[in-house]
Every structure is written in structure tokens, then in C-alpha cells.
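Below you'll find a set of structures to go through.
Across the two complexes that follow, subunit A remains constant while its partner is subunit B and subsequently subunit C.
Entry: the complex of A and B
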């Protein structure tokens, strides 16, 4: 599905994905993890990728079954190099209020990857 | 219409002298983080010796919510005050541990112990 670059639209698509995951009986810990990754991914796409540009959209695709949830989020920004993001858990960054989204996605999902341009994130969570 | 699976964010601020206690219930997702940030900005606008954030009722937090708490912490610390967290539930504690924010914020089991 394609949504506008605003957080309310993101909330609605997140609710839809999470309702499906809850319906399939994923554990509370899995639901929490997927919700966190979805919110971080959508926020990054809207804020950093599209820069809240109302003319740009975010594409969200999800493929969920009882074994695993696969979610891809694509923005219309120039993309970024995920390896260039500073480690927010290092001592010098610990007191900074921003920069934890990607780290949290990596910590809570089982697989995380990007397309070569860096404007699409693909995340996988196993139901276990 | 999909049923929301999150819970509304509710905040209660109490003040006694130079001590402020903020009780936070519900979810701090991307849609609610601004509300938390604005509320905490108000709480720390005037100098406080201790600010306590009681997280007993919080069931979700994203990086924007963490950012709101860190910004408040920095403001309080810049005036030689303390900002303490109370009783984060296991999923919230896990986020604090994953981000190493347990090393930034002192965490206490109860408001009373945070104020000792």
C-alpha cells in the first residue's frame, strides 16, 4: 500500500500490519518488536527519507504468515548509507536525543536489509 | 476500521517544592512522542532538584519517546538536578537496556525510593 508522508497515515498502516500479526497469534514480545521496527522504519521514511514532503509517498508492503513477518518500507528520498549512521550506544552518543531508530530495528528484528539506493528497508521477524 | 492495539498516552504531573513527579501511562509511539516532549519541556522549564518519571504504566516507547526523555534529562542535569526513572515494565526496560540508556538514567523500583 502507498501512504502519504504523514505520521497519521503511518499509524493506520502500522495498525493494519499489527492487527494481522496479532490475529496470527504472534507472542506479545514479537508484536512489540514488530511495532517498534514498523514505527521506526515509517518515521525514518517520512522524516528523513521524504522530509515530510506532501508530494512524496511511502510504500509499505508486508507478507505475514504464522512463521514469519516480512515488511518492506520504501520512501522517495535520495537514500542513505546505513553503515554511515553513528552508533547511538557508544559513550559519546549516549546523551544525544536522536539517532536510535536504525539501531532499534536491528536489535529487535531477525533480518534487516536495504536496497542499493538506500531508500528501502526490508525487515524480517520470525514467530518464535 | 482496524482496532487500535495501542493504549492512549496519559500524563499526570505532581509537584512538591523542587521535586516533580511525572506519571506516564500508555504508548509513546511516533504519534504521541511530541506530546511527551512538550509535557516534559514544561516540567523542566523551571529548575528542579529531582524529576521522576514513573514508567509503571507505560506499555510502548519508540526512539522519539526516548529522545523526549533524554532532552529532559539533559535540561535537568545542566542545572545540577537529577532525572530518575521508576519501574519500567519488562518490554520498556529491554528497550532501555538495548540502547544502553540504563547507563544514562538511574532506575528505581518506586517513586518513594527515587526520592530517598
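Entry: the complex of A and C
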């Protein structure tokens, strides 16, 4: 599914994914984690990836079954190197207001990976 | 006396301003900006703000909301004020712990405890 670089459109996609997850009976903790990861991933794609450019889109694909939810979010930005993102939990970064989205995704999802260009995040949550 | 804000319920007790976040989900960027603006206004209008932020209603929040809280904390400290968070649900508390922000913020289990802490 392809959406505009628009947070309202992102919310609608997130609701669709979450509805499917709820239908399949995922635990509350799983729903919490996926909601958070979707929010952070979509925000990153729209804000940092596409820079809110109305001419750019975000592609969201999801494959959800009883065992696991796989979600991929691809933006049209130049991509980034996930290893270059500073650790927001280090003492020198603790007081900074930004930079926690990626670490929260990593903390709450079971698998997180990026494509070589760095403009696609793939997240997996196991239903357990 | 209580004042109904757009996304905040603001009252005061013993010289402490108590702000109850009324949204269940603090995820939407627009909502977060509105909450931030209202909180920053409260701090700007106080000489030495003592603020309790009540999270009773909050079941979901994002990293952007954490960013607003960090900025709020900084502005309060710049005015020699104090901030305490209270009534945080376990799932939300975990976000603070994962990000180590529980080490920055004063977090209390009950509102009365938070008011006493700032008093």
C-alpha cells in the first residue's frame, strides 16, 4: 500500500495493520509493541526520509498471520546508515529531545533490519 | 479550581500545578505539538513552576512525546522549578526505563506523593 507523506494517512495504515493484529488475537503486549513500532517507523519515513515532501510517498507492506507480523516501511529519501545513529541512552545524549524512535523499535520488535540503501525498515513481531 | 484545556486538565493544589493528560494515546504529532504548546505556556506564565504531570489516562506514547517532556523539564529547570510525573501505567513506565529517562524524571506512583515531593 502506498500513502502520501502525511501523518494522517500514516495513522489510517497503522489502524489497518492493528485491526488485523487484533483480529488474529495477538496479546495486548504485542499490540502495544506493534503500535509503537508502526508509529515510530512511519514518523521516521515521513519526517526524516521524505522530509514531509508532498511529492514523495511511503510504501507500507504487511504480512500478518497467527505466528508473526512482518511490516516493511519504505520511503523515497536517500536512506541512512542505522549504525550511525547515536545511542540515545548514553549519558551525553540522555537530555536530548530527539533520537529515540529507532531504539524503541529495536527494543519492542523481535527483528529489525534495513535494506542496503537504508530507506526501508523491516520489522518482525512474534505472536507469543 | 479546575480548568479544562484542549488536551490537558489543569488544576492547582498547595502551590503545585497539576496537569492531567486527557488523551489515551499520545502518538499523533499534531496532538503532541498541541500538548507541548499548552505545557510550555503554563511554564512560561509561572515564576518558578512546580508541575505534576498525571499520566493516569495515558496508555500509549511515542518518542516525540518523550521529546516534549525533555524540553518541558529543561524549561522548568531553567526557571528553578520542579517537575514530577505520576500515575504512569506499567507499559509506559517501561518506555521510560528502556530509554533511561526514568533517571532524569522524578516519577511517583500517586498524585499526592508527587505533590508532596514538589512541596
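Throughout what follows, the second predicted complex is superposed on the first by the 128 of 128 C-alpha atoms of A that agree within 3 Å, B and C clash if a C-alpha of one lies under 4 Å from a C-alpha of the other, contacts with A are read in each partner's own complex, and residues count from 1 in each chain.
In this text, a residue touches a chain if its C-beta (ideal position, glycine included) is under 8 Å from a C-beta of that chain, and two chains touch if they have at least 3 such contacts.
None of the values given here were measured: they were computed from a predicted structure.
Enquirer: Quick one: on subunit A, after the overlay, do subunit B and subunit C clash, or do they fit? Just give me the call.
Expert: clash
Enquirer: Determine, under the contact definition given at the top, whether A:42 touches first (subunit B), second (subunit C), both, or neither.
Expert: first
Enquirer: On the A-aligned overlay, A:103 touches which partner chain: subunit B = first, subunit C = second, or both, or neither?
Expert: The answer is both, since A:103 touches subunit B and subunit C.
Enquirer: Applying the document's definition of touch, where does A:118 land relative to subunit B and subunit C: first, second, both, or neither?
Expert: Neither partner.
Enquirer: Going by the contact rule set out at the top, does A:79 touch subunit B (first), subunit C (second), both, or neither?
Expert: Neither partner.
Enquirer: Could you tell me if A:16 is touching subunit B, subunit C, both of them or neither one (first, second, both, neither)?
Expert: The first partner, subunit B, only.
Enquirer: By residue count, is subunit A touched more by subunit B or by subunit C?
Expert: So, of the two partners, B touches more residues of subunit A.
Enquirer: Identify the overlap between the subunit B-contacting and the subunit C-contacting residues of subunit A.
Expert: Touching subunit B in the first complex and subunit C in the second, residues 7, 11, 29, 32, 35-36, 39-40, 43, 88-89, 94-101, 103-104, 107 of subunit A appear in both lists.
Enquirer: Any idea which subunit A residues touch subunit C in the complex?
Expert: Touching subunit C from subunit A are residues 7, 11, 29, 32, 35-36, 39-40, 43, 88-89, 94-101, 103-104, 107.
Enquirer: Under the stated contact criterion, what part of subunit C meets subunit A in this complex?
Expert: Residues 27-30, 60, 62-64, 66-68, 70-71, 74, 91, 95, 98-101, 103-104 of subunit C touch subunit A in their complex.
Enquirer: What does subunit A use to touch subunit B in their complex?
Expert: So the residues of subunit A in touch with subunit B come to 7-8, 10-12, 15-16, 18-19, 22, 28-29, 31-32, 35-36, 39-40, 42-43, 88-89, 94-101, 103-104, 107-108.
Enquirer: Which residues, counting only subunit B, touch subunit A once they are in their complex?
Expert: Interface residues on subunit B, with respect to subunit A: 2-6, 29-31, 60, 62-64, 66-68, 70-71, 73-74, 91, 95, 98-101, 103-104.
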